[in-house]
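In the two complexes that follow, chain A is the common piece, with chain B as its partner first and chain C second.
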Partner chain A sequence: MARMKSSMKLTSRGIVLPLAALYFLVPIGASIWFSINEVDGVSFDAYTDGLGTEGLTTSLMLSVRLGLATIICGLLLMVPTLVAVALYLPKLRRVVEILCMMPLVVPPIALVAGVTTVLSWEQDLADTPLYMTFQALRDENFPLVLVLVYTVMSLPFLYRSLDAGLRAVDLRTLVEAARSLGASRLQTLWQVVVPNLRAAVMGGAVLSLAMVLGEYTVASVLSYRPFSVWMVEIKDSEAQLSVAAAMLSLLITWGLLLLLTTLAGGRSRKSSRRENGKKTVS
Partner chain B sequence: MPDKTAPSPAGSGAATLADSAPAAGAPASAPDPDPAPASAPVRGPGARRRGARRHRWPAVVPFFVFLAVCFGLPAGTMVYGAFTVVDTATGTSEFSMENVNGSLSGAYATGLTGSVELSVVTALLATVLGTLIAQAVVSSQRASLRGIVVSASGVLANFSGAPLAFAFIATLGTTGTVTQLFHLHETGFSLYSFTGLVLAYLYFMIPLMVVTVLPALDGLRVQWQEAAASCGATRAQYWRHVGIPVLIPSLLGGAVLMFGTAFASHATAAVMVGSSQPLITIQIANALNGNVLVGQENLALAMSLNMVVIALLVMAVQIPLQRRSARWLG
Partner chain C sequence: MTVPVQLKQLRREFGSTVALDGLDLDIAPGEMVALLGPSGCGKTTALRIIAGFETADGGELLMDGQDVTSVPANRRDIGMVFQSYSLFPNMTAAENVAYGLRVRGKASAERKERAQELLDLVGLPGREGHYPHQLSGGQQQRVALARALAIRPKVLLLDEPLSALDAKVRLTLREEIRRIQLELGITTVFVTHDQEEALSMADRVAVMKDGRLEQCAAPSELYDRPATPFVAEFVGTMNRLPGTVRDGGVVELFGRRLPIHGETPATGSEVDVLLRPEGLAVGAADDKSGTAATVRVATFLGATTRLHLSTESGAVFKADLPSWEATGLAPGARCTVTPHDNPVLVAERS
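Then we have the complex of A and B:
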């Protein structure tokens, strides 16, 4: 293995990178061509007319609203928990970490299998107040059940991002300083801790949003119609539009991550690396 | 064969650029300088500590309640449902291995092995190819190249599911651009096959591996290479006795992550090949939608449980490895 690797390395930059570029660029180029190629020449109808269709805007808006709700829900749960664990409950750290990583072991399709079963109890609960809760969860216009499942699925990103952020600030000093100046607990959290974690919060939020915008499995099994489900529904009738929508979603992901790297880039210049043997670019 | 060109002045490779992983965050701005109203009662340190102890639980309770309801309940239902059968006549349920046995035989067994095979093949390919690309980037001293590869990997690693399937259908599908350009159908190539799935999965797995393995490759210090070289080791010997052994835990960790990602993927395969390839994720979705037989929910739960067990077994490999890796590369 070592020999193979080193002999390939000789020409690695010469061969590996161009081949990789070819593999990664061809599908994008071919998809764009597919979406604009008509029998009588090139037409941008899929982009100009198609992307304005009502199905696209409603489904995309649903995805965006679900994404934002997921971010809010996830952050409201995770920030206070991780701060409290870091400050007062160090014994829970391992437990919280393992719990946050659990969704990586349970694939979305397995999670949604369990969720469907729980939702099927609705009939049995018809006489209890819980029935209303189930109705609210499954509301067509804004399915809260998706927000809850997506929040579970976003826990690993949120945990990694926030944990890295918390390790980099001297949380105890910050909190003690704020508290000794008379700030209440909520004020400390909101006005002192959260601004210091801004980059980590944004990082986790952007990754969650990207995940929700592309999510298909859970939504399709529960028969809701966010962006990617809509894209699949129209694939037989309007193949070009679905490919155009796929390119749009690539563009959205790119934009979101560009936003993240811009934020992270501004941050890393100021941060000092903890890794030994590495020097910070200053 | 030794490569004479690569060893570089110490320190330059490791120090460049922000790394891709969400690394340390730092105070970006000063906290609100305006101190809170000073009306809070002045308390001694002892009182404050007691207060802290009293107030620390409410912050974590919502988290545990949320996980119990939104994760524990579905997961518990899954395990419970997998081991029970509901008698449709009486509505009573009783313990049974019927679903688990059913989910491990016939077409469902084929689906499970199909998923495992696809995940193993794609994980191995993504690990090797992703590492080669990452090493090509690390050994090149061009910061701009690294910047492009890192940001492109970040985007492409998130480009999976339905949009990815459409990109491949538009490229290599029956009426795809490349298929028609090169008359690929004459060669017998079909996107709607195992090979097609591997090609599509690698499209998001290789970038994910690049992002995952870059920090580990950065951790290989130039000094180790120089020390090996001054002891007379060739480049191949350096990789065989120093580089690869130090990297092995990271590489295996990456491979485990790749396996998990491929194993859990559903949307790409569902949109691209539908039910024509036996994959457990697609079979679960079909059973849940009642496409196969009505009343197959518990069978779907048993199949889900099989997936979780396999994912757990594979992930368990990673934990001891990570510790070893952290000792050297941390």
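Then we have the complex of A and C:
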């Protein structure tokens, strides 16, 4: 009976895993093939010459800057909030969770409709100090309004990741231990809490970055031109370049994921190697 | 001489639950006091108020004569060891120990030297570079103790520091903690629900019940002369035997008159006499001066044997006697019991 179960497990693994792999790899493979397939053979022109195409670097850099700014804003907002809720207001946890999950059920088009309405107040505020704020929000070189919207849209990713991280550590004891040793609240947060949430912070950051790199609706409706909008714009005239750029963005996201994961796990792995086999019992 | 820690009429409520109900306690310099009591008696709340993690609803907390009730935890100069190991996982043992000095802005060399000194003191030389996950539970608690001591605190607080450890490590570590506490002469408050731990480690044990202090005394006094029936029954093993109060502050038990220690009820009252198993002498069945009893269970405990006895009147109780005297007292055997003439506590008949 046990052998039969084990063989069924192996069979189902043997079917499900290749199917899942095909589901992910076939579209990627087809896209790569499309981007290099020419009438007279294989060509990597879309990857080599395409990189110099007007708008690519600017839009990519804008997306990366927006992504980094979103991560910083999101973490500055979420880490202290979730720590405070976990320590002092545990009853509010459910409320915070629902609020953070809201962006998942509000379509970006609805969100941007609201943002557009608010931005249209600019003309009515021409004689007030708020006018300059609206101008700054709409700055074409670095549209802060996108950072604000993306921060809201990244809340579900940050919440899930940080919440899991906070549940994995004995937060209350760590904070109390640091406080009893003389640390201020800020020192406790920066030197004790955040380092122990490193993996959760990195996870949330990578997901947020991936979301920003791929976001199209909000940026397009507000008439900005980050990487995703640029790709759509060129797809009719430069279809292969558009797909090559999509592959490039995928590679960037994976690369960042790998880098952040390495950074997050680096220290513990290093220490584990150094002390491997030294653990003692007493 | 100033008193390092004084609790004056401390009161703390959580909703409708009264955790502390006017707790008074003075702790002398260099003294180790154990707060002992059943779950929910308020001992941990009292410790957390001293640490600054809880705020008292009423009363005062004085340290060296200064009211620190509203001083935040990070400005109290208190070292604390927690039940869960509480080491910072992102720091090595040495970094953990030096953390309190780091937040105080001490130079790196001084921090290293002090961390080394403390790790040596707690018996962990050579473990400076280990991360918490590379240390056993006992080692982690030693590091936590070193970390708490590194800042040279005015008071050391221990919140059930041994309860997460296995029995053997617990025994070793409790001796170590006491040795270090005596060596440094640091005033220490220790919370535990394990009476053996409290009695073996502390200079004085404060027994708490329902947020109040029942008795604070040296372990031997607590055991031999408990102030209340609760203390008598909470600390050690105690028999409740039916007796009658007679004139002259005595109680009659098994035909003998014993002096009453503490409050004496009205003459003629039917009471329970509180008597420890070693407060009864067990004699031969034909001893005319004793009360006849039957052995129900005999438990060999090494040097002593504990007999579970019953009398014809229905009293059921325990008596301890040296194992060499208990030979032949198997279940079903007949014997006699006689209470020693020491003062006894009495309680309302249960």
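Here is the rule we go by: the second predicted complex is superposed on the first by the 226 of 282 C-alpha atoms of A that agree within 3 Å, B and C clash if a C-alpha of one lies under 4 Å from a C-alpha of the other, contacts with A are read in each partner's own complex, and residues count from 1 in each chain.
FYI, a residue touches a chain if its C-beta (ideal position, glycine included) is under 8 Å from a C-beta of that chain, and two chains touch if they have at least 3 such contacts.
Small disclaimer: the values here were computed from a predicted structure and weren't measured.
Asker: Does chain B (first) or chain C (second) touch A:96, or do both, or does neither?
Answerer: Only chain B is touched by A:96; chain C is not.
Asker: Quick one: classify A:64 as touching chain B (first), chain C (second), both or neither.
Answerer: Neither partner.
Asker: Using the touch definition from the top, say if A:144 reaches chain B (first), chain C (second), both or neither.
Answerer: In the superposed model, A:144 contacts neither chain B nor chain C.
Asker: Touch test for A:184: chain B only (first), chain C only (second), both, or neither?
Answerer: In the superposed model, A:184 contacts both chain B and chain C.
Asker: Considering only touches as defined above, state whether A:174 meets chain B (first), chain C (second), both or neither.
Answerer: Once the two structures are laid over each other on A, A:174 reaches both partners.
Asker: Should A:196 be classified as contacting the first partner (chain B), the second (chain C), both, or neither?
Answerer: Touch status of A:196: both partners.
Asker: Please name the chain, chain B or chain C, that touches the greater number of residues in chain A.
Answerer: B
Asker: Examine A:117 and indicate which partner it touches, taking first as chain B and second as chain C; both and neither are also allowed.
Answerer: It touches chain B, and chain C stays clear.
Asker: On chain A, which stretch or stretches are contacted by chain B in one complex as well as by chain C in the other?
Answerer: 169, 174, 178-179, 181-184, 187, 191-192, 195-196, 198, 267-268, 271-272, 274-275, 278-281
Asker: Provide the residue numbers of chain B that touch chain A in the complex, in ascending order.
Answerer: Contacts found on chain B: 1, 3, 6, 11, 14-19, 22-29, 31-32, 35-40, 48, 52-53, 55-56, 59-60, 62-63, 66-67, 70-71, 73-78, 81, 129, 132-133, 135-137, 139-140, 145, 151-152, 154-156, 158-164, 166-172, 175-178, 202-203, 206-207, 218-219, 221, 235-236, 239-240, 243-244, 260, 263-264, 266-267, 270-271, 281, 284-285, 288-289, 297, 300-301, 303-305, 307-308, 311-312, 315, 330.
Asker: For the complex, which residues does chain C have touching chain A?
Answerer: Chain C reaches chain A through residues 51-53, 72-80, 82, 84, 86-90, 92, 99-100, 103-104, 129-131, 134-136, 138-139, 144, 147-148, 151, 157, 169, 172.
Asker: Report the residues of chain A in contact with chain C in the complex, numbered from low to high.
Answerer: It is residues 169-170, 173-174, 176-184, 187, 191-192, 195-196, 198, 267-268, 271-272, 274-275, 278-282 of chain A that touch chain C.
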